[in-house]
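Multiple structures are listed underneath, in structure tokens.
You will see chain A twice below: alongside chain B first, and alongside chain C after that.
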Partner chain A sequence: MDRKKLYPWYFTSGALIIFFLLCFLPGIIGILYSFTDWNNFTDKINFVGLKNYLEIFKGKPEYRMYIWNTVVFTTVTTILKTVVGLALALLLTQKVIKLKNFHRMIIFSPQVISYLVVGLVFKSMLHPQTGFLNNFLKSIGLDFLAMNWLTDLTTVFPTVMSVDTWKGMGYIMVVIIAGLMSISPDYYEAANIDGANFWQKFRLITLPLLKPIIINVTILNVTYGFRVFDMIYSLTNGGPGNATGVINTAVYKEFSKGNYAMGTTLSSILFFILLFLLYFIVKSMENKEVQM
Partner chain B sequence: MNSLKKSIGNIVINIITIIISLIILIPILVLFLNSFKTQGESNKMSLSLPSKWMFENYKTVIEQGKLVSSFFNSLLYATVSVSIIIVVVSAAAFVIARNRKGINNFIYYFIISGIAIPINNVALMKVMQSLHLVNTRIGIILIYAAINIPLSLFLSYGFISTIPREIDEAAVIDGCGPIKLFIKIILPLLKPITSTLFVLNFMAVWNDFIMPLYYLNNSQKWPMTLAVYNFFGAFENSWNLVSADIIVTLLPVLFVFILGQKYIVGGVAAGSVKG
Partner chain C sequence: MRKRLKKLLSTICITMMAGSVLAGCGGSSSSNTTDTKSSNGNEAVTLTFGSHQSGLPTSAVVQNLAKEFESETGIKIDFQISPDAQWRDLLKVKLDSGEAPDIFCADADPLNLVTRVNPEKYCMDVTNEEWVKRMDTNVIPSISYKDKVYGITFPGKKMYFYVYNKEIFEKLGLKVPTNYEEFKNVCQKIKDSGVTPIFEGTQNGWHQVLPLFETGAMYQQKHQDLYNKLNKNEVDLDSVTELQTVISELKEFANLGFYGDNYLSNSVENAKEAMANGKAAMFIGESAWRNEVKADFPDFDINKLGIFVMPWADNQAIGVNPASNAYFINKNGKHSAEALKFFEFLAKPENLQKRLDGQPGLSEICWPEIKSKYSKEDQAYIDSLQKGMVMQAGVKYIDSQWMDVGKDLEAMYTGSSTPEDVLKTIMTRRTEQAKLQKDPDWNK
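Take a look at the complex of A and B:
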């Protein structure tokens, strides 16, 4: 049977054309334009070499702040979501918990809510005067804990990262539960006969067998973290000042100012960072295959 | 003694679980209660019941927030782009899964790299301008299709690989060509993955906020997310109305979530456990 005839190449063309035109092509054009002074004020576009990149790495410190914030956000939320997600998954697979599926559904549910809406919900909940959290803390006599969650320079970034974890932890939990279910109970039975305690079973059976899933979850969280936009835009819009600005909020800021070249340069830097990470992800997957 | 200790332990971890669920539920519950209060009462957000249930808050919000037209915009963008995704992705995944050699292998990796690689929104503007798609409904629909194709292809490919090839051979012997084979034989078998793709992509499009922010500046074409964001800006001091607005926006997604829960959780788990 002729495979080429039965499975014609043009079946792939729809997906390929749409993806090529609206995802790949902008990426390439964007890199080309990052070497120009493209903006909204003149029609003339001049080649300026590496000027935009030098501006970001040597010029105004706010640009390096955006990149630094993105890295901090990615690292902290990845660790938080993985640890909390794993803890929740372990908790919600215990036999003694009542209404397990109901709790799983509740904890997963923020995942289906728009980042924008989550942002607005917490913007109102965390309002220093009218918000629920401060009212609640004051009503139980913990006034000293009531803070300006989203306007104080020292608390704003941890607050944003916590809200992001609130939204994302259920998703990670569901993925890890699926992984836990696929571990054969025989291992635990054997360990019980040998008299292993909870921590020994966790460290010697659960963690090693969950390793591939933890790697996947980490990849998911890292690629999300670098691209984060909605959450921050709706909670703080990068403020106060530039305290919570990340690469993608900066891209939008430059875009709305008409400063297209700078926007596309920042976007291209993000592109290179993720391409670099993708290279390592693929490499680590190849190694896994070789080992097996 | 030991069994007493154990049952206390059981109660404690059940209470911990309930507290965690409450941390998720309370914000939504507070907003729900708040959405029925008067403006004065809603200024102090709490879990107390409204002294007078103001159902007319919802009427005000739906009228002033342009929620009806933006609801239909969202519905249009989500259903059309998801249909496009399902058609092009199933066809592509079918051919790639059956014959993953040479160019097909390259196409597969090329497209799924889009799961991780970010979109350059500034340059996408340039492409959209040259295709005359800026500020059009079809433009935003095509963007949604494009950004969701990579993950959908990945999931669909994994599923089609589990359908035995003998089915194709039997169909060919019965005289099917490639198009007939795909439409009559393969597509009906794809029902489970099609449902997953539908629910996952529908919610992704429904919840998106970035693309209209960049590419739609005409408020008549705004989807719900953008309408809510603007409402929030305009009524920032009327927390009761803002709460009602948020609740109205939440309802459709919660509805889809409750109906399609099986597919969402299944899709989420399949996508990351296999990958």
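Take a look at the complex of A and C:
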């Protein structure tokens, strides 16, 4: 490549300045605010050191529960979306399936609906008495399966995660299908000649070649999972009680209480967790490029 | 060729990126108000009016008045209604971010106006308007801060009762309960007959909290100078043993199944149907709530519904709340002058009368020139009761955490916390709020 013909470095300066002013700087200021007692009621801001962080890690147990809930939500939805998305992608690239694009469209369609709409629709569908799901279960004689989906402590979190998976899996499926299409059919042909069965082909050809895609998908899912807000807000508003509260619902709550400093502290923690995780995910991506 | 294409593409990309970044900034700062050219060529103004569901009567009387206002002045009003459970938080976020509508509705009481809408910063001062003098003087403190009036309000004083189905009571030979034990027996008998004794809906977030603080009149009778002491941080809520009793009794009722099976998924809006169909026998509501039932179920004879005082912790006094929701003008909005015109319009005597007539759930409005709608029987019952101010209107840092207490109670009902935890959490939140606001009585 002719190095002289590349664009000079200062061509990036415009983008860099905008990025610095609108993304980087506010982020840093936000983190700085987490060491203060910034709130709605006074204009004076005092430095309080690590008080807010200590409050989260040693004070009210709710905060730790929010963090724990966020971690659980992220882990479970990431795994579910990837597994279901991968399974659907494999299914919808098989030759035997008719009307593939139609099916893909149907499964992808939840992705284009707003989170709030999905939340409200499911809220009414999951109502124990008037909701579609329980009425359907009762009509086919499965009364014992009809539950208080969104108000029972044991079922509420799995329900929320399932709804979220339903909404998100289509997108993951589409990304994986794109990855599957890019795998050269030659490998499968060679494997067929060697007499490999479906699982062997999946384990030894598909999965290794899909690795970069799966890592990307994981990054998408993890970053989404940690930032989740709309889905929980519209489905349960963090309830019953605070059982499904996550970091971002807590941030919203603190801001609305006028306790801005605590809100920024919580979002700073979210930022650090994400930074830490993404570092390792990206690192693992660098090291494990598939060698063919 | 390829190079030129590349150049073109990157130019487009950069322009789009820069554009989208700037568009993002511009979008948020632009006002919520939209201007459209009207047919006669003048600038037609559209005012935005933000409210929670219970801030605007379901009979749409305010919307109808707004239409009349539009035909009179050409100023259009666009209503944006949010769910009850979200409005308080949403409004504050909107105010703080400069995206508040031109007119907004908020719950108003003397103690919490400042935490809720920060009137000096966000609301237009209306102290010198002619109509302010016509409002009941008792409600003025609810919409004032530091001797300045900031809003307009209509509903009269609020009192919550148990509205009950007399027919069900008669059929089962039950008498109106006057203490907790009787209340429990009554509920048990109703439940045994296959009817849900009490309709409760926790989805709105506020309704389940009423028994705790509407019983404030009784707390005051038992503890002298209670509100003053609480506000000066001389005593805390745990000294009010009756409050703990009420919370435990609520839990007991839930355990006994007196709220039915689906109260955690129910909304308050469904109460009318449940009461009209005889599926539930009691519901906490204002006396005039019965007229709302009538409006939705015209075939239902509302004379079947009576009222009695909430007998939690043997309470027999009725809590009066002088506060209610009020409308405020966004000081920083583009069209505050037009918004003020709308207030003037609403305050005209004929429109006040329309407002009272058009809202079945309202017995009186806080404008003494308009006569109230209480029936003789209700008026006699209400007159016979001892009255006192509800706790949230008299004690600091209660009302601001109302929705949180709703969630605490939900958590208690699901079993993830105990009645003792609920009270402790309420106390902690009060201390937190007081410290946050640098209340001198908490920072001694």
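Note that in this section the second predicted complex is superposed on the first by the 258 of 292 C-alpha atoms of A that agree within 3 Å, B and C clash if a C-alpha of one lies under 4 Å from a C-alpha of the other, contacts with A are read in each partner's own complex, and residues count from 1 in each chain.
We adopt the following convention: a contact is a pair of C-beta atoms (placed from the backbone, for glycine too) under 8 Å apart; a residue touches a chain by one contact, two chains touch by 3 or more.
What you are looking at is a predicted structure, and each value in this text was computed from that prediction instead of being measured.
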| item | value |
| --- | --- |
| Joint occupancy of chain A by chain B and chain C, clash or fit | clash |
| Touched partner set for A:Phe255, first chain B, second chain C, both or neither | both |
| Partner touching more residues of chain A, whether chain B or chain C | B |
| Which of chain B and chain C A:Ile18 touches, first, second, both or neither | both |
| First (chain B), second (chain C), both or neither touched by A:Ser114 | first |
| Contact residues of chain A, present in both the chain B and the chain C interface | 7, 14-15, 18, 22, 127, 252, 255 |
| Complex interface listing, chain A residues touching chain B | 1, 3-9, 11-12, 14-16, 18-19, 21-27, 29-30, 33, 88, 91-92, 94, 96-98, 103, 105-110, 112-117, 120-125, 127, 130-132, 135-136, 139, 166, 170-171, 174-175, 177-179, 182, 213, 216-217, 219-220, 223, 226-227, 229-230, 233-234, 248, 251-252, 254-255, 260, 263-264, 267-268, 270-271, 274-275, 277-278, 281 |
| Residue numbers on chain B that touch chain A, as the complex places them | 10, 13-14, 16-18, 20-21, 23-28, 30-31, 43-47, 84, 87-89, 91-92, 94-96, 98-99, 103-104, 107, 110-111, 113-127, 131, 142-143, 145-147, 149-150, 153, 168-169, 172, 178, 181-182, 203, 206-210, 213-214, 225, 228-229, 232, 239, 242-243, 246, 249-250, 253-254, 256-257, 261, 264-265, 268-269, 272-273, 275 |
| Sites on chain A touched by chain C in the complex | 7, 14-15, 18, 22, 39-42, 60, 127-129, 148, 150-153, 237-243, 252-253, 255-259 |
| Residue ranges of chain C touching chain A (in the complex, touch as defined) | 10, 14, 17-18, 21, 25, 85-86, 88-90, 92-93, 96, 115, 118, 202, 205, 261-262, 264-265, 400, 407-408, 410-417, 428, 432-433, 436-438 |
